[in-house]
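In what follows, subunit A forms one complex with subunit B and a second complex with subunit C.
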Partner chain A sequence: MLSLGTSLAFAGAAFAASLAGVGSAIGVGIAGQAGAGVISEDPEKFGNVLVLQALPGTQGIYGLLIAFIIVLNIGVIDGNIKDLTTYQGLALFFAGLPIAIGGLFSGIYQGKVCAAGIYLCAKRPEETGKGIIMAAMVETYAVLALLISFIMVNGVKL
Partner chain B sequence: MTMPHPSYEYAMGRISVFAKRMLSAAQLRKISEAADFGEALALLLETGYGGNITPGQIEHTEIDYFIREQLQMSRKMVRDLTPDPELTGLFLLEVDTHNIKTLLKARLMGIEVPDVLIDGGVFPLDMLKECINSQNYDRLPDAYRITLHKIESDLQRNVDPLLFSAQLDCAMFRHIKTVLDRRSEKSFVRDYFTLFADFQNARSVIRSRLLHWPADKLKPLLLESGDISQHVFLEAMETPIEQLGAKLNRGPYGKLISQAIEEYAATGNTPILKHRMEQALMGILKSVKWDVDSLGPIIGYLMGREAEAKALRIIFGAKRTGFELRLPDLYA
Partner chain C sequence: MKKLTLYALKHDRDNILLNLQRDGNVMLLQAAESASLAGAEELGARVETTKGAISFVGKHGGKASLLAGKKPVGYELFLNENHEGAELSRQIDSLAEKIASLRNEASTLLGQEEHLQPWRDLEIPLENLRETQSSAFFAGYLPEAALEEVSGELEGLPAEMEVFGESPEGRALIVFVHKSAGTKVKHLLKRHEFADVIFPKRTGLVREIIEESAEDARSKEALAAELEAEAMEVTKKKEELFLYYDQLVAKQERMQHRGEETEKTFYLEGWVRADRTEAVRRAVNEATDAFELNFVDPEEGEVPPTVMENGSFAAPYEAVTELYSRPRLGSLDPNFLMAPFHFIFFGMMLSDAGYGLILTILLFITLKVFKPQETAGKLMTVVFFGSISTVIWGAMFGGWFGLEWKPLLFAPMKEPLKMLALCFALGALHLISGMVMKMYMEIKRGQVWNVVFDQLSWLILFTGLFLMVYLPESSAGKYTAMASAMLIVLTGGREKEGYVSKLISGVLSLYNISSYVSDLLSYSRLFALGLATGVIAMVINTIAQMLWVVGPVGIVLAIIVLVGGHSFNIVINVLGAFVHTSRLQYIEFFGKFYEAGGKAFVPLAIRTKYMDVTK
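Take a look at the complex of A and B:
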């Protein structure tokens, strides 16, 4: 039977992957609907629209990365699951939260900025780059969340 | 099974492509500066307006139909893609009200319905024709149904086209107010119609004063859904012109009405009131032009197309008759 500590570490990994993934899914969904509207009238914009639609997808990847490091560290991948203390488990649980919460909200808001960028691309295709830069500003906070989650996960001595 | 309504994101994606095809103020100015009708038409078609049409394909007399057809297509497109058909429909009610008035007048005069009927309103044209011909208004919203029954009973005694036209305008605003109240709507849509009603009432006061009408003749012309109470407008009939602006300076947009009236009082120029009203209404739409999750850009596009059609009709009317023209406030 798994210890409470190990279970908490699993919970941290699950939150990191799922919440960041939900944020990305919503963000990509918002941008995708905007993109479909533009492409239905102007299919030539597909290339630019695709870049903007894909941007909110990164939060899901960051969440997956942190979840993967957590499960790797506790030995799930090689089949030897470690017996963690409650404090070690709690530490890994909290380590997963920054990218879980940061990824959830930044994914949604980045989706909205990307949708606005897609409208910009429809009206003034030559300014698409600026739309991408504005969307990337939101990405900063997902990267910061990833960074702190990564440092925290690596800081837990097992 | 009904189709789900498109999302705001999808609708705005399509609108942002359509909006590129709207004529800009600079393009309209260039068309208005053309030497004659033919040159103006060539300049218009050069912009891509109406698709791949050449000037030779349009007769001088057909330009109004052509502009109307383009506007009807825009109205239909907006109605099809809006995520909120009920609120969007409020902006199309003017079309229905125009059609009801036209059908009623045609019936009274015993003539065939002229081709000035406009498609693209909320109610299907065939349904309106049936309603007017059978005098059965059960399929219309309460505000219209009650008003039309009253008009029908008034018509037994006498016919006053001005009065029934005003009654139908009031019915339209009453219906708008009913919808906005039922939905507890607080967005720009309420602001738009509130300002519209108040400004229109202020214009009715000025017009009634110029015609030396008594206050009770003004009363049926006053629209509901405004911020300013109707008794203020009735009192305004007796207010000295230099104090009229201050008297109507009430509510969030009272200042705009007040400034327009003061401008009128200083110049005696009546059309300035209509111009300032159109500017103020367009100002509300422009304030929500960049919203990403509201009807603002969608309604803005629709009303922008209406303003564009109006500007084109003014330009081509002026080119035909040689009158001096003044372009309305534009959205693009």
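Take a look at the complex of A and C:
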């Protein structure tokens, strides 16, 4: 029997991995559509376009990372699932939220900036670096969300 | 930077340009309405032909070998146009054209054959298929569904329908009809969406034509293949082609500079580094002694291009700065200070000694073998240095392929607060260095009071706040902070008119503290990105471990997961580390002092793609 606390921790991990993943999926999708358009005109830009398309993919990874630490801490990986109190579970649930929500939205918006960066790369390939940097500005908030999620998960003593 | 003006005789122009290109010290300006030299168009066509030949050679197994790098060629040899290459380029061009046209014809024939297939059983030679005195015919395709209906409706009319094979357009058929019922049948067919067929202008039975076409197409294809085999022979001499191409491109660049000209003389303008003027004079003098060469300082309003010069450690980081913008002429070149921070931050963000080792080795080999030039080479060197730093930081934090092993400093995952403190300490150092740069520049410009009010006051405030936190029992920190805050409030609005607005903008300038705080917090990404690398590596290891215990298949899968996963992790995190390290430089560091807006110095020089010209 799993306790309510353990289930809540599961929910936290699920939100972190899935919402941040959705953000990345949408972001990479938006950038990919723009990229395919540019490549249809100039296939040689594939390398640059791919880098820009890959950028919004990191939020999903950050989400996975937090989800992984949560399930690792509650013992899912090694098979001895711990019984958490409701409050411990709730704390882990909340700890998953920053990267879940931050990743969801920053992924989508980073995708839009990347799509714009891909058009920039189509018109002025020598300025692709600036497009990448602008996309990285959006990622800042996913990074901050990741950090606070990590510190929170780390702070829950089981 | 000096402005160069050169007057010389037209018949010396080629030699002068050649010498200038050899040394690569002068950036010539394109005179507004001056065209390229005569013959430039023809040269452009030759460049295109050679480019085509090289891509043809590449498609036929003659790709420039990936591991070969650039082949060295002596300068003298480089100057003499490679006739063999020229000949080869023409030869391959005509070969490629022939092959393409043969292939084209073959595919037309095959298309025709396919088009005729449904009509295979037609027993009338095509040339005999026409109207007679009393009869007409309709040949074409009818949708399969309408077939029965049409044949029913045709009954009772003086018409005869012969049905042939199926085709994508419908069922092939011919309706022979007595002319008296011609229009009627035509309308009937039209109603059922009958589409006419157009036979090729050929003679003989359809099946004979089909066989002929197929035979023809086969022989053309065979001929093309034969020519291709011949091309294979030719492509063995691809080196000649590469040399020829580089020569043509170098010549093309020279020819863009006609300058202004009179009947006998010409005039060129350009930019030269102030310390290279003598070298330029020598180069021109080697070509001729009839010239007038002057170097003058740039006039008011002219923006000369900027050159950055750094030691061998900082020089590659120029590419990072260029990605942002070049420094304005006369402002500070930030690279000497930016380089060490970039080095440190990159390593902290990647922070896995195992990854660092792999990268170091791979990049070392790449740099040695390919010798990438210009921006690409510089950026690669930056990542190379960064990967050395990654080994160092990885060992400090004990990260080896996601496993923890004897951290020299501490393990960030276990002690996140310590790690954050380290990040902020380094961040503070970075920001303060930026402010010191600004102070240096202002002092050099004689603006000492600006330094005191805008930078020094803040630094004192920070010191005070720091003391307040770390020595709470002493009140020194409190008073220092208050005094410097007063200074900021009193002087922040010194450029405003009137005491009230001076005071208001003074108080508001104290609000800048929030921008300093957010700058500092931004350095937490050093930790977060390191975390990402470490935990993803851990995830990969855990999955591999779970697979490993399954059995032999599991072991194979585990190895695939390990190799693929770690490679993916390296790629994605090198990208992340580079981008975020650069961002810390651009936004947080450059924001404090950097003056951007310089133009690139692009001298007339030999720029090769395949050859390495040795002087």
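One rule holds in what follows: the second predicted complex is superposed on the first by the 158 of 158 C-alpha atoms of A that agree within 3 Å, B and C clash if a C-alpha of one lies under 4 Å from a C-alpha of the other, contacts with A are read in each partner's own complex, and residues count from 1 in each chain.
Just so it is clear, contacts are C-beta pairs under 8 Å (C-beta built on N, C-alpha and C of every residue); 3 or more make two chains touch, one makes a residue touch a chain.
Note that this is a predicted model, so its numbers are computed, not measured.
Are subunit B and subunit C a fit on subunit A, or do they clash, once the structures share the same frame?
Taken together on subunit A, subunit C would fit alongside subunit B, as the superposition shows.
Let me test your reading of the model: by the given contact rule, A:D83 touches which partner, first (subunit B), second (subunit C), both or neither?
neither
In the superposed arrangement, does A:I30 touch subunit B (first), subunit C (second), both or neither?
First partner only.
Counting residues of subunit A in contact, which comes out ahead: subunit B or subunit C?
Greater contact footprint in residues on subunit A: C.
A:Y119 contacts which: subunit B (first), subunit C (second), both, neither?
Touch partner of A:Y119: subunit B, not subunit C.
Does subunit B (first) or subunit C (second) touch A:E41, or do both, or does neither?
Only subunit B; A:E41 stays clear of subunit C.
After the superposition, what is the least C-alpha distance between subunit B and subunit C in whole angstrom?
Superposed on chain A, the two chains' closest C-alpha atoms are separated by 9 Å.
Does any part of subunit A touch subunit B in one structure and subunit C in the other, and if so which residues?
No residue sits in both footprints.
Okay, in this complex, where on subunit B does subunit A touch?
Of all residues in subunit B, those touching subunit A are 6-7, 9-20, 292-293.
Note which residues of subunit C are touching subunit A in the complex, please.
323-324, 413, 416, 521-522, 524-525, 527-529, 531-532, 535-536, 538-539, 542, 572, 575-576, 579-580, 582-583, 586-587
Can you tell me which positions in subunit A touch subunit B when the two form their complex?
My answer: residues 30-31, 33-42, 112, 115-116, 118-120, 122-123.
Quick check on the complex: what are the subunit A residues that touch subunit C?
Interface residues on subunit A, with respect to subunit C: 51, 54-55, 57-58, 61-62, 64-65, 68-69, 72, 77, 129-130, 132-133, 136-137, 139-140, 143-144, 146-147, 150-151, 154.
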